[in-house]
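The following blocks contain the structures, represented as structure tokens.
What follows is chain A paired twice: with chain B in the first complex and chain C in the second.
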Partner chain A sequence: MATIVNVTQEKALEVKEFEFTYAGADAPSIKKLSMPIAKNSVTALIGPSGCGKTTLLRSFNRIHDLYPGNKYKGEIIFENRNILDHKEDLIHLRTQIGMIFQKPTAFPMSIFDNVAYGLRLQGIKNKTELQDRIQKALQDAAIWNEVKDRLKHDANGLSGGQQQRLCIARAIAVEPEVLLFDEPTSALDPISTAGIEELVVALRERVSIIIVTHNMQQAARVSDYTGFMYLGELVELGRTEELFVTPKEKLTEEYITGKFG
Partner chain B sequence: MSKIIDTLFANLTKITAFLVLLIVAWIFTVLIDHSMDAIKAFGFDFVLEDKWAPNLEKFGALPAIYGSVVSTFLAMILSVPIAIGVAIFLSEIAHAKLKTPVGVSIELLAAIPSVVYGMWGLFYFVPIIRDIFGGVGISMLSAGIILSIMILPFMAAVTRDSMNTTPDILKESAYALGGTKWDVIKDIIIPYAKAGIIGSFILALGRAIGETMAVTFVMGNVHRISTDLTEPATSIPVTLANEFNEADSELYFSALFELSLLLLVISFTIISVAKFYFLRRKRIGR
Partner chain C sequence: MTHTQKRILMSRVAMTFSTISAVIGIGFLLWILGVLVSNGIDALNTDIFTLEGTPPGYEKGGLKHALIGQLYLVGIAALIGVPLGILAGTFLSEYGQRSKLAEIIRDISDIMMSAPSIVIGAFVYAIVVAPMGHFSGWAGSIALTIIMLPIILRTTDDMLSLVPSTLREAAFALGAPKYKVILQVVYRGAKAGILTGILLGIARVAGETAPLLFTSFNDNFLNTDMMEPMASLTVTMYNYATSPYEDWQKLGWAAAFILSMFILSLNIIGKLFLMKKKGR
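On to the complex of A and B.
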């Protein structure tokens, strides 16, 4: 059984006995996984490739549903409802639970329109409101000063690190409750990575964050809680400073000391 | 020794490449050479004159140009929306089990030789047009519709391929912001694939304007400019296919060559625009 630290503060999400099976697969990729996600904190998910951490992350906004045949079991509780319920409104869910991807994904449009995209999908047309919220989102994503003079320029002209911050601005512009980061710095240089990490730490004031990372140092730097996953199961969830110093599970210890991975 | 073989091989490939250039130049030269009589006789009036009367040695290309432009325009109007619909269905909406069979049949449709379209058009399609729209059936309208059916598979297949180049992660990003399928198609996939889509439309346009066999069967080869689409008409390739046998004078022969030169220049321009403007921009846009 997994060792799970008691999260005393309010929870953003609660995963209960969750199982996930990819279309056409015989065995589930995630098995009977239960874990709490603390509100206004950063929870990092670490583990070797193929352990299911990205699969779990992509279940929180049900992006798996874009591909037919994937199956969920169990519950993920968010705002007192099970988001795995087939009646869940996925469009609405995804405005509440945003996502940042492995690579920057600037849309083929201007910087302004990129950030406006989610807002316009919600039907916000008022020009001053759009401008205000876009400026605020870009400021919160620490990219406003770099782009304020070229908002009408194509977003693909930005550097990789800038594009990733633009994607963060785009995600926070719609004011989600939870933000999912799927290895957000794996395509970035060290300086851009540091910028994104600072941003993650700063953003937890406003949103609950779950970040999947291959990089244990990154998990240690940015997160409050860390979950170690192995072969589709959660081995241990602990406060980050405890998990990396005094892991409770032998498997966790072996992984963080580099015995496998 | 191996160096000699390398040099030999390099030169051999160079020759094959230059051979292609040579052929293009050769064709142009022959066409210009044979057109000279007509060019001297009619000058620029050739493209403005609407009388084509071989027995009077009067040759005006306007009806053929008009027919080429109108039938191609008709074909594009009919096929563009359908091609986009097919492509959207195949790339984004169809279930995986349906994608392959429908996709393959679209490509099969593209493999049908144009003479088959022509025969099918004449014996099966033309009577339907006659019953619905009146006239004799052999008409500008029939030509436009047959052309649209002919270029549709190519356009649909290339548009689908362009749409499929949209990275999944980009689509997922738009869904992750609360986009619906329709939002993602119109805001992400179509803008991303736009250059490739327009390029494919222009290539299809080039194909339609030069198409000969399919339209020869259903157009009628009547040199008359009419705004009534159910009237028989002609186009540049239809005129060429029908009249080379009958060209009994030097000038007649030369006028037909000038027509083909005209067609070549038009096709050349269209394909250049498609290749160098749209299809190149897509490559840079990565």
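On to the complex of A and C.
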């Protein structure tokens, strides 16, 4: 059994006996995994490639459902409901749980329209309201000063780091409860990475954050809690400073000291 | 001779042969264009665009009937074929994906693309012309639609598949329903490519003669009634060029020139779209 530290504060999400099997696979990629996700904090998921951390992350907004044949088992409790229930309204769920991808995913439209996309989906048409919320989102994503004079320009003209911050602005514009980050800096240079990390730390005031990262230093820098996963199971979940300094499990210790991975 | 010298020699021999082959290939193209331009421009005058066909021996005759007939035939084929092709391509890329049904449609469409166009003409003759009892513009447009469809379908499918799946996921992750993801994000990302497919599809059918010979047939005078036989540049060109009358032959050259320039420009515009897309 995994060593899981008691999350005393309120929980954003609660994973219970969760199993995930990809279409056509014999064995589940995630096996009977249970873990709490603390509210208004940053939880990092670390582990070697193929350990299932991205698979778990992509279950929280059920983006796996885009591809037929994937199977969920168990429960993920969010706002007192099991989001794995087949009656779950995925469109609504995804406005509550946003996602930032590994590579920046700016849509082929203007910077303004990119951020407006999610807002317009929610039926906001009023021009002043749109403008206000877009400005606020861009400011919160620390990119407003760089783009305020070219909101009508094509978003693909921005640098990779700027595009990633634009994607964060787009995601927070709809005011989600939870934000999922899937290795958000692996395609970025060190300076852009530092910018995104600062943003993650600042955002936890308002949203609960789960971040998948290959980079242990990054997990140590930005997260409050860290979960170490191995072969589809959660080995250890603890407060970040404790997990990295005094890991309880031998496997965790071996991984964070670089013995494998 | 050292090993390196041998390699350099072989490289030169290979380069010489491929250069010669390229020159021969391009040479024919330039030759065709040259003959077409010199004879075509010679035959061009304003009467071509303002007068209809005349019996041989009359001084003044034009191609107005064929130009307008061609526009009708190709235009209506495009009006039917473009939306059908785009919708079918969208089904393959966004809904069918790797499913068996989608793969079968892809294969059939590839076979259709290489089907001899005269076979499609014969097919439309059997299902449209024969029951109606006479040739008609509609039959011609239907034949052209069938030829155009697989081209637009496959380019749309290919171009939509090139849109990265992370872009779709990002739109879904914001809570977008599928049809909005396709209309607002995927189409936008594939715009230039789809437009190219449309232009190339139109260019391909604009040069077809065989399927029109026994569907829309021909008419030496202006007709805009799609229920009646209709003139086209290609069939007119075929009739005029093979006739023994010199003034008709001249009009045939003019028709060949106009048609070639039309198709050439469609192709160039299509390639420019694609280049613009790749340049980004």
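For this structure, a couple of remarks:
Simple rule for what comes next: the second predicted complex is superposed on the first by the 261 of 261 C-alpha atoms of A that agree within 3 Å, B and C clash if a C-alpha of one lies under 4 Å from a C-alpha of the other, contacts with A are read in each partner's own complex, and residues count from 1 in each chain.
Quick note on the criterion: a residue touches a chain if its C-beta (ideal position, glycine included) is under 8 Å from a C-beta of that chain, and two chains touch if they have at least 3 such contacts.
Everything quoted here is computed from the prediction, not taken from an experiment.
Under the clash rule set out above, the superposition-derived model of chain A with chain B and chain C contains a clash between the two partners.
By the touch criterion stated above, A:I76 is placed in contact with neither chain B nor chain C. In the superposed pair of complexes, A:V235 makes contact with neither chain B nor chain C.
When the two complexes are overlaid on their common chain A, residue A:A171 makes contact with chain B and with chain C alike.
Residue contacts after overlaying the shared chain place A:G98 against chain B and chain C alike. Shared interface residues of chain A (contacting chain B in one complex, chain C in the other): 61, 63, 66, 91-92, 94-95, 98-99, 101-103, 105, 107-109, 117-118, 121-122, 156, 167, 170-171, 174.
Those residues of chain B lying in contact with chain A across their complex are 95-96, 167, 169-180, 183, 187-188, 191-192, 285.
Listed in rising order, the residues of chain A touching chain B in the complex are 61, 63, 66, 68, 91-92, 94-95, 98-99, 101-103, 105, 107-109, 117-118, 121-122, 156, 167, 170-171, 174. Those residues of chain C that touch chain A in the complex are listed here as 164, 166-177, 180, 184-185, 188-189, 191, 280. Interface residues of chain A facing chain C in the complex, by the touch rule stated above, are 61, 63, 66, 91-95, 98-99, 101-103, 105, 107-109, 117-118, 121-122, 156, 167, 170-171, 174.
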